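The structures considered in this document are given below.
In the two assemblies presented below, chain A is common to both, partnered first by chain B and then by chain C.
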Partner chain A sequence: MFASVEPYLFLTPAFAILLVFLIFPLFWNIYISLHDVSLVTIIKGWRYVGWENFLDLIEDSNFHTSLKVTLLFVAGSVALQFGAGLLISTLLNQKVRASGVLRAVFIIPWTISAVIAAFSFKFILDYNFGILNYLFDKIGLQPVNWLSDPNMVIWSIVIANMWYGTPFTMLFLTAGIFSINPTIYEAAIIDGATKIKSFFYITLPLLKPFIVINLILITMWSVNFFDLQLVMTGGGPLFASTTASLYMYRQAFEFGLLSKGAAAGLILVAINLVVTFNYIKLLRR
Partner chain B sequence: MWKKKITFNNSAVINNIWFFTERALIYGLIAIFLFITLFPLLWVFSTSFKPNEEAINFPPKFLPEKITFSNYVFVLTDPNLVRSLINSFVVSVGSTALSVVVSALGGYAFARFEFKGKNLIMSIILGLFMIPVVINIIPLYNMLSNIGMLNSPISLILAFQILIIPLNILLFKNYFETIPKELEEAALIDGCSRLDVLKRITIPLSIPGFAIAAVLSFRFSWNEFILPIVLANRPDSAVFQVALYQFISIYRIQWGYLTAGITLAIIPVLVLMLSFQKQMIKGLTIGAIRE
Partner chain C sequence: MNVKKTITLSSIILIVSLILSIGHGFIIPISAQKKQVTLSAIVAEPKERWDILFNGAQQKLREKHPDMDIKVDYRVLPYDATRTQILTAMAGRTPIDLISVDQIWLGEFAQGGFLSDLTDRAKSWGKQKDWYQTNWDGGKYNGKLYGIWAWTDIRAIWYWKDLLSKAGVNPDSLKTWNGYIADAKQLNNALKSQGIQGMHLVGASHSPDMWYPYLWMLGGEIVKQKSGHPSKGTYWFPAYNSIAGIKALEFLKQQVDAGIKPQINHFWGQEFADKKFAVMLEGSWLLGVFPHEQWNNINQKIGMLPMFPVPNIGNKSATMIGGWLLGIPETSQNKDLAWELLTTMVDPQVLTPMLQKEGYLPTQKPIGEGPYAATLNASIPYYKEMISMIPIGHSRPNIPEYPQIADNIKEAIDKVYYGIKDPKQALNEAAAKSAKVLGW
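Moving on to the complex of A and B:
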């Protein structure tokens, strides 16, 4: 009799923590978004306001900016991280010497915290003292306002995010490449296929499940990730580097408007669902 | 006969040229990526040994003119940073221990038992992995402030679990499945209880799995920034990442201090990850392939 409840007992602690800290807050977020809560009124009675917070968002031009910035940030980050990750993992699989050591070195950016990645890049991209502008000067280019030019800033952060996020894609696709049976390539060589051909006709199709899962993960992470923006620019100048996730944080903890932030968080959930749904459709095909 | 041999030689030469350009291209690209990967960190590392004035000197020199440890002395005597280092160790070790115990139990249930709703529960856990944790910062802040648990290491330890548990359960499930069931069954028949079996057979055999899970958990806890900056940002309860962020906003362009702080923050995780990197890749590979 006891044996039948045993597995559930083993699972209880994990589920209890996830329930309280992950699942319940999701619903609590909906509750907050329908009331008027700010950091000032947090302990007083909350007024029910219905859709007001959402209407507020829809009319907020800063929110429109943040959606546009999100699109640029996600598209740029995913394209660069995926491209570089696929290239490095493929290169390292070409019977390269010391590939184990190289793989370990390439993983280093992934092992450090986003705060550190952000700050290192802030240091390198500094307008006056940064080494990048120094190099630009050396080769006769104008110094660039990497972090304070509203049109440039999001791309500077995309570059930092590429540096920080590529190792994960590399690791994940390497796992995929390892799972391909090497005799397939030997057969292809006997049949006269070049390396490039076998990459496009063997590696890519066999990697497809790994590629799709990888794309889902890095897209979602880029949508929700704002550590870099917060540390490098705080979302500025104005809202030029405020992605939707950072917009949510700033509304709640910079301007104190918890319920407006909560409403933005729900829109973020919706974006996540749309992304996942579309990728899964892609995977099924 | 002759003609055939000559053509063979020619194509061998062409093949050789091809081979060398291909190799050069591969190693060249790898070198470029290696440079991009390492340069920012080496630059920060080298700056941390320069006096503050030299750090903003133009033109910048890659190697410090005179090496100084004063930046490290300054950082390691800053009371806020020192306290935050201790906080970080307490929170990271606590959250690693909790997540390893809780996830090992969960992973064990999936690896060894057949029960109603097993697949459903597994897909719920994988689904939870897809929920972005940042969406929870506002309700979590609200909940914890209502019960007066903001700025508490216990709140952080518990909140960090949502980052780690789903991944660790999957890891443990896959690891336990590599241990033959028969060993356990034999012990059960000999009269051991389930817990005895766990203690005497399963756990000792899966120490490498525990190591991978612990290193991953420590990395997540040590590096997490958003949850602690929302839930524990008072100077006396801040963890290192948060204190470093606050430190940065105080000492704006004192690059010497800042780069020394960064270097200190990198070391614990880097040492851990590099010493376990083989097992890490293997662990992640098992996880990814089985999925």
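Moving on to the complex of A and C:
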């Protein structure tokens, strides 16, 4: 009798943690999104409003803008983080002197707080004070509105996010590369394969599970991440750097519209689920 | 015999120890025990100002209540965290006795039922006449008093005397809109090669705050009461897209057209202190960017005009005033004592040393103009000029929807800055959004 229950008992602590920290907040969020909860009504009665908060979002042109900005931000961040991470991890896997030290150096951005990274980039990219425009000036180039040009700002933040997020991809893919049996490469060399061929026909296919999981993680993080945007530009100018996650934060905590923020949060969850589902389908192919 | 001796000796030691302990306060006889009261507070950074206020007030409170052992446990948090922390605490019914309230939060906090109504207490206190009317009214929401405005700030024109002189600009010409635009061009031409910009124009999230003074000086308002609200009868309606508002925004457009660049990053006066700009419209806190040692002769280097530029000479200027209020949360379990603490903190004797140290402006006439003014005037540069601006100071509406309305206005300003819309279109679109936010 006990033997049949035993496995479930072992699962209880993990399930309890999931229930308290994941399932309950998710359902609570759904509940809030269907009621009228704001900072003004939070200690009063909460009126049931059905889909009103979601309809508000659908009608809000700023939310539409934030979705477009999210698409650019996520696509740019994932492409650059993944590309740079794969390149660095592959290069450091070659016979490079002090590759261990270099790996440690490349990890530094990942170890610092996102807010500190954001402030650093805010100062680097500032039109008047920034070191980048200072260097441009020294070499006779015109200063660039990195953070105040609506067409440029999101790419400036993508670059900052690439700097911040690439070490994770590098680390993750390095672990994947280490798991590949070196004898496979030796056999390929005997068969006359070049390093580039080995990369495309051995490394990439064997890294596929790592690549997919890495892509899932960095995509979800990019969708949910707003520290850089909040500190570097506050979402401006003209909402050009307001991603959906920042939009959600502003609705809930700047404007006190907790229900609208909760509804935006659920839409973000849905986006993440769709992305994850597609990546997993890709993995199974 | 030995046992007897030991007992006697031990008894003597015990009695002597007890006497000494009482003498040194280690053990307090039951009759002398004081009632322990701990008042809790959440306030916004910087910490130094609160250390001065709470220490001063706590001392006075203890003298007033010798029967009590009063302690004040105050937490100083960053600006944004203060608001979130207060709201979380209030929503969780956590007992807190005193909070610092930014003037624009008052409506939201009062409407949410987080703040105690101080109207009756203030009547018995009888100090209303000591406050500047604007500052007293800033503590009210729907006719009831929820906070006491402790100190304030103003925004004015600051300029580097040497840079203006080098560019051949007379500071007096900064007083009018046309003069300001002409000076911008002249300063940019003269200082561009040194990497210095003539005028600063706020493009950061608080850009509406720097537009309001032009709106007010032209007789406009941000919101006004209107009847016929679908659920509230008479309620606030956006009024900033009036002719005054459009003219005010046109002046910002003229600045952009004249080559003044809106600055999306704001460093609260540091950019001026670093001589990146020759002229800056900035708050009275700008002085705090300069070391106190320089305050004695700062007026030799930096000039100040106590106004925002006006359309024509002779027009009345306006400015925006901000600052901090003190309020008592509804959850406080020591409201009487919290009120005593609050009133002691704003007592000129306790408050003035803090204002003097930090360079803030008073909300009370006895400090601004009365017996305490001489001290402040001697230590804070341009104090008299800054005080002279309080009567032309306006505060932002402290209604719960204000943060969203300000966001709509910011969007309109940005659209004009970037040439996407003309001022009229931009303001009308923003006002339509604000009307929806207000429930119309």
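We adopt the following convention: the second predicted complex is superposed on the first by the 266 of 285 C-alpha atoms of A that agree within 3 Å, B and C clash if a C-alpha of one lies under 4 Å from a C-alpha of the other, contacts with A are read in each partner's own complex, and residues count from 1 in each chain.
Here is the rule we use: a residue touches a chain if its C-beta (ideal position, glycine included) is under 8 Å from a C-beta of that chain, and two chains touch if they have at least 3 such contacts.
A quick note: this is a predicted structure, and the numbers were derived from the prediction, not measured.
When the two complexes are overlaid, the chain among chain B and chain C that reaches more residues of chain A is B. With both structures placed on the common chain, the touch criterion links A:F21 to chain B but leaves chain C unconnected. In the superposed model, A:L171 makes contact with chain B only, not with chain C. By the document's definition of touching, of the two partners only chain C reaches A:Y127; chain B does not.
When the shared chain is aligned, chain C comes close enough to touch A:E254, but chain B does not. In the superposition on chain A, the residues of chain A contacted by chain B and by chain C overlap at 42-43, 128-129, 253. Across the interface of their complex, chain A is touched by residues 22, 26-27, 29-30, 33-34, 36-38, 40-41, 43-44, 47, 55-56, 58-60, 101-103, 105-106, 108-109, 112-113, 115, 118, 121, 125, 128, 130-143, 145-146, 158-159, 161-162, 165-166, 169, 194, 219, 222-226, 230, 241, 244-245, 248, 253, 255, 258-259, 262, 265-266, 269-270, 273-274, 277-278, 281, 284-285, 288-289, 291 of chain B.
Within the complex formed with chain C, the chain A residues making contact are 38-44, 122, 126-129, 137, 147-148, 150, 233-234, 236-239, 250, 253-257.
Remark: chain C residues 84, 87, 90-91, 93, 108, 111-114, 195, 197, 203-205, 261-265, 267, 271, 274, 276, 400, 403-404, 407, 410-411, 414-415, 417-418, 420 touch chain A in the complex.
The part of chain A that touches chain B in the complex is made up of residues 4, 6-8, 10-11, 13-15, 17-18, 20-26, 28-29, 32, 37, 42-43, 84, 87-88, 91-92, 94, 96, 100, 102-109, 111-117, 119-121, 123-124, 128-129, 131, 134, 163, 171-172, 174-176, 178-179, 195, 210, 213, 220, 223-227, 230-231, 245, 248-249, 252-253, 258, 261-262, 265, 268-269, 272, 276.
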